[in-house]
Amino acid sequence: MHTNKQASRSPGRSAVLLMHCPDRKGIVSAVTKFLADHDGNIIDLDQHVDTEQGVFFMRVEWDLEGFAVPVDRLRTELSPLVDSLQATWELHFSTDRFRMAVFVSKQAHCLYDILSRHESGEWSVDVPLMVSNHPDLEDLARRHKIDFHVFPKTPETRAEQEERETALLKEYRIDFVVLARYMQILTGRFVREFPNRIINIHHSFLPAFAGGKPYHAAHARGVKVIGATSHYVTEQLDEGPIIAQDVIPVSHRDSVTDLVRKGQDLEKVVLARAVWHHLEHRILVYHNKTVVFG
Amino acid sequence: MHTNKQASRSPGRSAVLLMHCPDRKGIVSAVTKFLADHDGNIIDLDQHVDTEQGVFFMRVEWDLEGFAVPVDRLRTELSPLVDSLQATWELHFSTDRFRMAVFVSKQAHCLYDILSRHESGEWSVDVPLMVSNHPDLEDLARRHKIDFHVFPKTPETRAEQEERETALLKEYRIDFVVLARYMQILTGRFVREFPNRIINIHHSFLPAFAGGKPYHAAHARGVKVIGATSHYVTEQLDEGPIIAQDVIPVSHRDSVTDLVRKGQDLEKVVLARAVWHHLEHRILVYHNKTVVFG
Amino acid sequence: MHTNKQASRSPGRSAVLLMHCPDRKGIVSAVTKFLADHDGNIIDLDQHVDTEQGVFFMRVEWDLEGFAVPVDRLRTELSPLVDSLQATWELHFSTDRFRMAVFVSKQAHCLYDILSRHESGEWSVDVPLMVSNHPDLEDLARRHKIDFHVFPKTPETRAEQEERETALLKEYRIDFVVLARYMQILTGRFVREFPNRIINIHHSFLPAFAGGKPYHAAHARGVKVIGATSHYVTEQLDEGPIIAQDVIPVSHRDSVTDLVRKGQDLEKVVLARAVWHHLEHRILVYHNKTVVFG
Amino acid sequence: MHTNKQASRSPGRSAVLLMHCPDRKGIVSAVTKFLADHDGNIIDLDQHVDTEQGVFFMRVEWDLEGFAVPVDRLRTELSPLVDSLQATWELHFSTDRFRMAVFVSKQAHCLYDILSRHESGEWSVDVPLMVSNHPDLEDLARRHKIDFHVFPKTPETRAEQEERETALLKEYRIDFVVLARYMQILTGRFVREFPNRIINIHHSFLPAFAGGKPYHAAHARGVKVIGATSHYVTEQLDEGPIIAQDVIPVSHRDSVTDLVRKGQDLEKVVLARAVWHHLEHRILVYHNKTVVFG
């Protein structure tokens, strides 16, 4: 996060602490006491305990208006407390603004949807970069004044092209990547560079119909609902932590073409929900699952 | 179908023709001309063409009031027409009444739901027989004056016990079987005796989480929806033609226990929808898929 | 319908007959006999009888390949038959292409969605004209090379402005109008010019929360679901025949702003479904209700 | 709450504090400090701030194992803290067990569902009493060994009969009442005796189709979804705080009879969800709205 344009939905400035740690007594008390002691007013607090794993998860958002710790001292002041809890944690400010890259291939429906949310100000995010393995959607990128880079890929050139993509993402200081129906498999090396920072949309209700041509597979199986799944990308194809899923009913009347048409509406809405949660710092990942404080 | 109690939703008597045949020109015209020529008034007509397979499906229901062909002559009179279309067909009358057997194990929620629909008259069906591998639900059966037979099964005794079950189903003149969370696998031999006559409820949105413990698997995978699937049983476990499916949203807050609780409501409703369509003669099976004229 | 660009989903040419008439015996037979007698192959047939009103509804689509009646003679040849049934009827060809006008105010989410479906070819429709009471969205129109006309309205100027709009719609040979969150009430006079030809999206599950500010009203009432309704516009505000509706769950956590954000996704998808059904000639209107052959 | 049978889902004993109070800084900190200071391990904490009204809501559940305050001292020990926050609050123990009365008329589907959840142990609740204005469902009550009292009502006898009902509810030490399709309007006097203690199921998505015959009204309006709403009963008919709502899609094919059949499945599931939340002490009521910590 690099810019300081004001997020649209937070009229005042606020901070978000996202953390998970081994469960024990007194965590909520310790953190909220820290905030109370420094005149912090909690706007939203959500916590969850995974009793099976013995893990505590929390998201707490508080008003920076009147908060006694200056923003540039906050990380330092919080450290002793969260470190004593052995927490994995992130601190975000509503004045931060993510920089997002969009990867696409030839299908445009998710991209149109993303661009309209961006342009209309529904999402407070910068989109400086688009990457594709095909030139088809360049005009759309250009219309929105987004740099567009084409990296055609073959099994032989994949690794090399991904290195160029990685360099580009760093050059553009990209915070996270959205795969908007990007039809190329990413290597483990690329994925490891952006842990929990690549959001994909898969056009089925995973784990059903992982892999290619899920609408054809759904049609062949004769299912009565089809779905879409947005997840963080991991090294295992279509097996990353699920962020959002939804389904719609279908019937014998629906051809594969109908499934595609109906599914596209689902894909764009489910992907948008996942990106929204990511932008709002509402997602914690643990053991290949997500806690989404919705 | 053996009894002649009046179906609750059909105030008058009607007939239903369910058929599928190779697609060609003039099928609807030929069948509806037959009905019109004999003063048949169509109550409902639904047709579907699977253009990929070249198969035509139709369900037509017509009023028997004033229909010129007597009921006991109808099959004979229809035969030349439907045979000329090379159709696979069934003829049903609203005065028929199915005889249903329910197979259960220990879980009662689907059974309670079935019994209440039966007792309240929501379903026009006879339920003379229940079968279980455990004695636990005998009291429930007895309360509803349904014969209850226990067939404990081990891998060694399965085949022998199924023979007894088959004999019993024949003795009770059972038309179709509902597996209301029956936790035993049926052999191919048993299944072949009742093709498209055994309705199961599986507690996941198939094909995801086929096999045992689907709620545990769904929890481990971290899905954001869970589902239930009702299907006709075939020799391949959980791979029969799907009749009905539905899902509900879940979140990280839901433990396996919560998934079970929420899923049970789904299971009973989805199973009931499938049974309803079966009772209404609305299901055609072709190539391991269903056409449900809903 | 004025152009002859090929509809994307119909590889061959086909015709659609949409009709409703007083119910009597032999209607399906008479119509399908006409088609069979002229070598017409039915692609899709859907019929419905409103037994309460005694009205018969049918949509039949057939292949024009090999059909013995030439397209330019079809209307004449069909007339005696459908007139003898006292039917209200429409005949459409897949080679026709609707001309659609979009009315907007300041909110862009539905418009973005419409334009992307149009531009990507998802919808086979021409959009030559946009009308607004504000200049805000002119750039969007211009980007898509759509003529944009602004008609500011006050209670005093409404009638006069609508006359200009009507003239414009005629000049552009517009077949139907989509109100994509157009925040002006149309007069009865305007509405009567385009019966069942104006599609609106209302941001509630009608009949709940008709009129202004439905998200505020839903929030105040504390509902647990919010919805969107697409309907044909009639002289009674928000009381026209409903084409499509859908809902999503909400909770106490959702502020009015959250309802607006979540609802917008619903609005655009529900409006698009209604427009799709209209483009596909799948809607019949009778007694302020729709039969949608989906 | 009078009995001490163990709640099915809480393997150990726990306490729940439900509270709302004017919003200010430090509430979470103050309450969680109290728990931490007495070795309380929080199992679940959920809070919400209604920023518009300036009201803070919280539900916190903690383990009583190892908790330093004895159960019989807890109320006294908590009082100074929650009183200083000017909180409205309730304290519940997992060892408590609610006593529920069910009011019915002639329709049995919700009652069947309630009785099966009760009998199977899905709900940890006692049901000692049923009340009806008709004798029809007495056999069902008797089968489940629940006392059944009939109070026929006319406008003239309503007040008098309700006095008898009130006396009976007190005699049976009833904690809350479920109206399982009870078709009588309750007077303000009766309702005031049981504030937020009477749960009703209305067979529409309120506020649409309040009052009588909602399925008929939905059919006449031609809606494409129907719903069910569970709410606490207040003096204004069908206007109490909504606890749970859900909908299902319908079409022109559905007669009023079909809507009733489909809706009944929805009614029983939505009512059961509301009762579950009530039993789990997850509902706070404020300004005729509910906060449901689900």
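Should a chain be cited, it is by its letter among A, B, C and D, assigned in written order, with residues numbered from 1 in that chain.
As a convention for this text, contacts are C-beta pairs under 8 Å (C-beta built on N, C-alpha and C of every residue); 3 or more make two chains touch, one makes a residue touch a chain.
No experiment lies behind these values; they were computed from the predicted model shown.
Residue numbering shows that chain A and chain D use the same positions for more than half of their mutual interface. Of the two chain pairs shown, C-D and A-C, the one joined by more C-beta contacts is C-D. The equivalent interface to A-B, defined as the listed pair sharing over half of its contact pairs by residue number with it, is C-D out of B-D, C-D or B-C.
Of all the chains, the one whose CA centre sits at the greatest distance from that of chain A is B. Distance between chain A and chain C, defined via averaged C-alpha coordinates, is recorded as 36 Å. If you average the CA atoms of chain C and of chain D, the two centres end up 42 Å from each other. Under the contact definition stated at the top, the residues of chain D that touch 2 or more other chains are 51, 249, 253, 294.
If you check the complex, the residues on chain D that touch chain B are 9, 108-109, 112-113, 116, 119-120, 122, 143, 253, 257, 261, 264-265, 269, 272, 294. Across the complex, chain D meets chain C through its residues 48, 50-52, 57, 205-209, 221-225, 227, 241-247, 249, 251-253, 255, 288-292, 294. Listed in rising order, the residues of chain D touching chain A in the complex are 25-26, 28-30, 32-33, 35-36, 39-47, 49, 51, 249.
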